[in-house]
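Below is one structure; the comments refer to it alone.
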Amino acid sequence: MSMHKCGLFYTTYAAEDGLFRSRFQKLCLGLFLAAMLALPQLVDSYAVSILNLILIAVIGAVSLNLLTGMCGQMSLGHGAFVGVGAYGAAILSNAGAPFVAALLGGGAISAMVGMVFGIPSLRLKGIYLAISTLAAQLILEYVFLHASSLTGGANGLPVDPPQILGFAFDTDARIFYLILAVTALCVLAVTNVSRTRHGRAFVAIRDYHQSAENVGVNLFAYKLQAFGLSSFLAGVAGGLWSHYTMYITPEQFSMGLSISYLAMIIIGGMGSVIGSIFGAAFITLLPEMLNLLISSLGGIAPDLSAVIVPMKEGVFGLMLVLFLIFEPEGLARKWRLTKAYWKLYPFAY
Amino acid sequence: YKVGLLSDLTGATSSVGTPYAEGIKAYVAWLNENGGIGGEPVELIQVDYAYNVQQALAAYKRFTSEGIVAMQGWGTGDTEALVKFVAKDKIPVFSASYSAHLMDPAKAPYNFTAAADYSTMGRAGLNYLRETWKESRAPKLAFMFPDNPYGTAPIPAMEEYAKELGFEVVGKENVDLKAIDATPQLLSLKKAEPDFVWTGGTTPSTAVIMKDAQKLGMTCTFFSNIWSSDENIFKLAGDAATGHFGLQGAAIYGQPSAGMDLIRKLTKDQPQMTHYVRGFVSAMVMCEGMKMAKAKGEVTGESIKAALETMRDFDPMGLAPAVSYFADDHRPNLSVNICTFKDGKLEFVKTTVLERKKEWLGL
Amino acid sequence: MNGSSPLLDVQEVSLTFKNVAALSRVTCRVDKGSITSLIGPNGAGKTSMLNCISGRYTPTKGKISMDGRELTGVPAHKRTGFGLARTFQNIALFRGLSVLDNLMVGRHSRLGYGLLASILYLGKARREETRHRRRVEEIIDFLNLSPYRHTIAGHLPYGVQKKVELGRALAAEPQLLLLDEPMAGMNLEETEDMARSILDINEEWGVTVFLVEHDMGVVMDISDHVIVLDFGRVLASGTPQAVQTNPKVVSAYLGDEDGLYKGR
Amino acid sequence: MNILQVMNLEVVYNDVVLVLKGLSLDVAAGSITTLLGANGAGKSTTLKAVSGLLAGENGKVTSGSVLYDGADTVRLSPEKLVRAGVFQVMEGRRIFEDLTVEENLRCGAYTQPARLFAHNSEKVYSYFPRLRERRHQLAGYMSGGEQQMLAIGRAVMACPKLLLLDEPSLGLAPLLVEEIFDIVRRINKTEGVSVLLVEQNARMALSLADYGYIMENGRIVMDGKGEDLLRNPDVQEFYLGLGHGGEKRSYHDVKHYRRRKRWLG
Amino acid sequence: MEYYLQLIINGLVVGSIYSLVALGFVIIFKATKVVNFAQGELVMVGAYVCFALTVQFQLPFLASFLLTLAFSIVLATAVERLILRPLIGEPIISVVMVTIGLSSMLKSFVQMVWGTQIQVFPAILPQEPFMLLGLPIAPVYVAAFGLSALLFGVFSLFFKFSSLGIAMRATAFDQQAAQSMGIGIKSIFALSWCIAAVVSSIGGIILGNINGINAQLGHLGLKVFPAVILGGLDSLLGAALGGLIIGVLENICEGAAKDLLGLGGFKEVASFLILVVILMVKPYGLFGTKEIERV
């Protein structure tokens, strides 16, 4: 009879610190990635495009989670930071920069703008800061519209699909791989930050800024770094978005976008990277599911669907409310519970 | 044949988006009962995108994966965002965003509209006002519009044309779509004493402007574009609206024509907004293109576009000025219905027809 | 007294809020290697004093220097670099972090890698993390916190939280440890435990301790030197024996003589 | 006659953590009764169970009863209990920092008719002259001792019959500890308020109290008259820090082994 | 010069609407520490209900006014009970998000019941403007101005001197401690929401008189943020003045940006821009209570 170890034991700190601690987890990840890679071949382009939207949203949500969930600085202007990246990348791309450079450049511009709007965090806390980021949202929207020589103003800005080394990512399936890769990198980056010095400092600022300062965390510098990194990633999401949609207008980066990012991290679970992924998927899928439902109802009972259509926004609101009331830690907690259950399976008790 | 219908039923523009979509659906339903496209029905797939670009994009992807051959779009943001997609996928789109640059096939090869662009409307309005101007001095003109893509779109073109016609432009002011007060802007205009003021917002914001202007005792005449002067203007502005002008791309409910009789029949004499009529026309023009394509062979996005580009002076049952498209010019016409606000009603005045000038295309 | 070179030197420090003088011209010193206690009635300015030293407040007047280096004007977050660490009167843990991470944050200023290294988390960052983790584990062992290593700090019992806070301060490997009422709200057993830890820190690790505490039993027992504040002024200063018999201290702070043991 | 009788009380937090495991105690009318115990033993929980404040923390009484003046109060809301004369001074003072001293007192007097305010506040100011000086100051800026005085002052305003005090000496200077305890004694003597006192400072508490209970892990493990408990060798060792000869131990002598003696209960 | 003077007066006049809505916001915040992003939607619902009663059910205005207030009370109680009470003690962002969710639900509710069409209010107030320093002012605005002044006065006294008002502030600071004083925090919460909803409905009725109502009316709530933050979240005076200041600033900016910079459409952004600048100098707004931060 052989003995199996029950539970996990680590022999080095590094192993305990690893992202995927057991062989089983690594296997799952491998399977998941393989499935993702095969997916565009298996499903239709609508499904792939939804996946693309989700993946872009994941970057936005994960980056907002870094700022709001981890560092505790609530931002109502994240949509605009995505917009800065979108415009930045589009302008660079149109000026002839290669895609990767444009994407990083857009992120960098967004990071700078984000840091500028992060300056008030030096003095403002809580809701006061949130409102000042709302100001950022409105000011940036104004700029998108009025700097027409750069942004095309009201008419918007066309962008070509991304090209790397002559290969054009011009179909949903092709660009999917590109977006998937970038998203994976961004998620990895945030995960890494969260388990190192900077991530801990961010959480420290969130939990008790006075004592964070006394253990040597430079509050302002770290808040700015959080704003900077978060908007950098938001900018990358924006760059992907602009290259994916190939046409950007100021309306795409309105306050509604900021709110839906917040909804994503709330529903996913504040401060949790995996939660942001779930949240992004949930919020992106919600209107699609409702629309599908309404269309299918439309076939059966057209009168009913007329009543249901206005309920869509209500359902979004209701979801938000229900999650906050019944699952305030979001989908991330559900995930943890499921995982804990399977880890001990079949010896769950 | 499947046709996508992207509408705003719940979002920021839902108050006009809903009747527009109703118009489209009414026409298609009627068409299907009367033979469809050469015997085949048109199946509308409606999606409410709540005026959100991302949802519009997702909806469009769903349409394409369901195999639509054409699409009825709606607002500025979503139409613009889809320009490149529809071009690539070869799906002709009729939208209710009448930006001039969508009329240029070089920039937006698969975009069509059933009504003249905002710039043309503005020009037509100016043209009419200039014609009726009796005094010897140059008429003074001012603009009031929301500071958004839709509001700013026609302004440069109108300014240029106004100069050409001998207007003196005396002011430009922004009034937000959600404004509840336009006094500061009007105060600033009042100094310049304009004779005519362009209002390029929505009906509520136009109503605010008209009321505040009346309150301030201003005597200027307002002329407003297609989205800012529907039947609600009297409800909101009361008699402050009387005597001003609105520009329309389609008939007003009740304006006699064959098409209107049909609409009356379909709606059982329930009055409909002009947006309904315009949606009706938009669907009609699109279906006409599909019929033409069918007559030549297969109905695909590409063939519909080709067929539409051979369309000459198609009369949408008298509900709107005749429509023609060209391979290098997607302006349906350069005709604009001028109407005035009188006795609590919109009243048709005349149709102004401008020359199809090449240099105006896309501007 | 062990050693007489001052580690911390407070010169004529005054601190005023809108109209309250929390500290007025306080001069005192903490000798290297000693346990020095700061006592005084509520509102005397003890916490304010610690706040001035740790950089939370900026004195209106006066100078504070540590090991000969001027502290005044140095921002709070840089003072860990001077070898300064503190705990708080009301528990100020990072409630959402595990005990281990709380202590790792305590080491924040000793980790040197930058944001980019954090993002990539390769080579240098990884090595440093492991190295410092080892050190932190020692502190965890020392304070008997191992059972709670991965527990979220906010879920711990009060007494343990107080210890984690001490651990977090220790993680910075300070020369001077400022403790603000570490025994408040603890029962005898925990008080003895905490006192023992403080003595060990002082004796074995050679850390100088500046202690604010109302438990006279502890203060008089473990301190080398006691400073008494009253209304923001130094009322008395000296050995525990000298201070507890000082009539001014008795009437302002201790009450009758067995006030000494009122602490316990 | 007992004003308070707690019988076999069980309290559960978050539906999982069983904190009180059948606790029973009595408070005689007009007496001071003290409840001692280690950190986390459940002292505050006991008080909250009596005053009805458990619900706010996800706590529930799962069995047992609390009789106040002979009537079961387990299901009563805190506001009803305050009106009936049970008032808890919570751990950590919990004053309303952005209200002034006087406004804090008005909160304390919330259940009392407005006309009594002047009289009662006069009484508080006579107990705590320092509060009178500061009546218009924001309470948040006061020192710890003053805040504790205010917290007790608020209780006086409510004219309770049973006062529950949770660690009133926490963080107070020795002189003030004495002062606070004096005042508790005065309130008890002059107004006949019964007091249930939870304290870490066993020496003070036992010398003040008529009767004392010692709890461990959610149960009472020992009880007796105040002075009896003071003389009990176990209490002396574990709560008073005295060696076997009754002399004060030095902290230097406490060795590294962890004493974890528990009474069996 | 007269032009600028008129701009200022007009700003004050329009600002009084902002003040009115802001007051409701501050009342909720003061008693429950809830930052209510659904304030605009409360206003909207009030307006719609009153519209439905007067126009659709043909009730006399006074009756429908009172019924509207009654409805607000019911709505507020329900909202407080079902949505906000479970969130007591949760972090600020959760509360903000729940009110955002609430605003979506209210908007959707209005669209379901009344559709998306613009609805027009019966003219309750006289329409004839009167002149103030050469500027005609509609009576609606006078009503708003008077009402916000009145509410400001009443509630300032209420929060300062009445037991209930003080108890509300105490509850906002520390619910459990308030409970231990015998303050029934549930009724305090319900009450403060009711008051705020009533104030909002009145605001909605006034607003409906200005330019009809549609489902986008709630956007007004966004306007209120600069006002309340500028004044200080928990200050009634701040809300009252903040609204007026924002009104004036918007007007001045509209004029000045035009005259000096040639920028159009600056009005909407201006208030937020100025807000950020002011907050940098005064992080708790003009009259907000500074958070007492002691360690």
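Letters A, B, C, D and E name the chains as they come in the text, with residue numbers starting at 1 for each one.
As a convention for this text, a residue touches a chain if its C-beta (ideal position, glycine included) is under 8 Å from a C-beta of that chain, and two chains touch if they have at least 3 such contacts.
Computed from a predicted structure; not experimentally measured.
Counting hops only between chains that touch, chain A reaches chain D in a minimum of 2.
Seen from the C-alpha centroid of chain C, the farthest chain centroid is that of B. In terms of their C-alpha centroids, the spacing between chain B and chain D amounts to 75 Å.
If you average the CA atoms of chain B and of chain E, the two centres end up 36 Å from each other. Separation between the centroids of chain A and chain C, computed from CA atoms only, is 41 Å.
With centres taken as mean Cα positions, chain E sits 47 Å from chain C. For chain C, the set of residues that touch two or more other chains comprises 56, 88-89, 92. Among the residues of chain A, those touching two or more other chains are numbered 146, 210-211, 310, 312-313. Shared interface positions of chain E, i.e. residues touching 2 or more other chains, are given as 108, 111, 115-116, 265-266, 268, 294-295. Of all residues in chain E, those touching chain A in their complex are 35, 83, 86-87, 90-94, 96-98, 100-109, 111-112, 115-116, 222, 225-226, 229, 233, 263, 265-266, 268-269, 272-273, 275-276, 279-280, 283-285, 291, 293, 295.
Residues 163, 166-167, 169-170, 173-184, 289, 292, 294 of chain E are the ones that touch chain D when the two sit in their complex. Across the complex, chain B meets chain A through its residues 9-10, 45-48, 50, 52-55, 57-59, 61-62, 64-66, 76-77, 80-85, 88, 99, 101, 147-153. Remark: chain A residues 12-14, 17, 189, 192-193, 195-201, 203-204, 206-208, 210-219, 225, 229, 271 touch chain C in the complex. The touching residues of chain B, counted against chain E in their complex, run 9-10, 12, 14-15, 17-18, 146-147, 172-174, 176, 178, 180-181, 183-185, 187-188, 191, 203-204, 207-208, 211, 215-217, 232, 235-236, 238.
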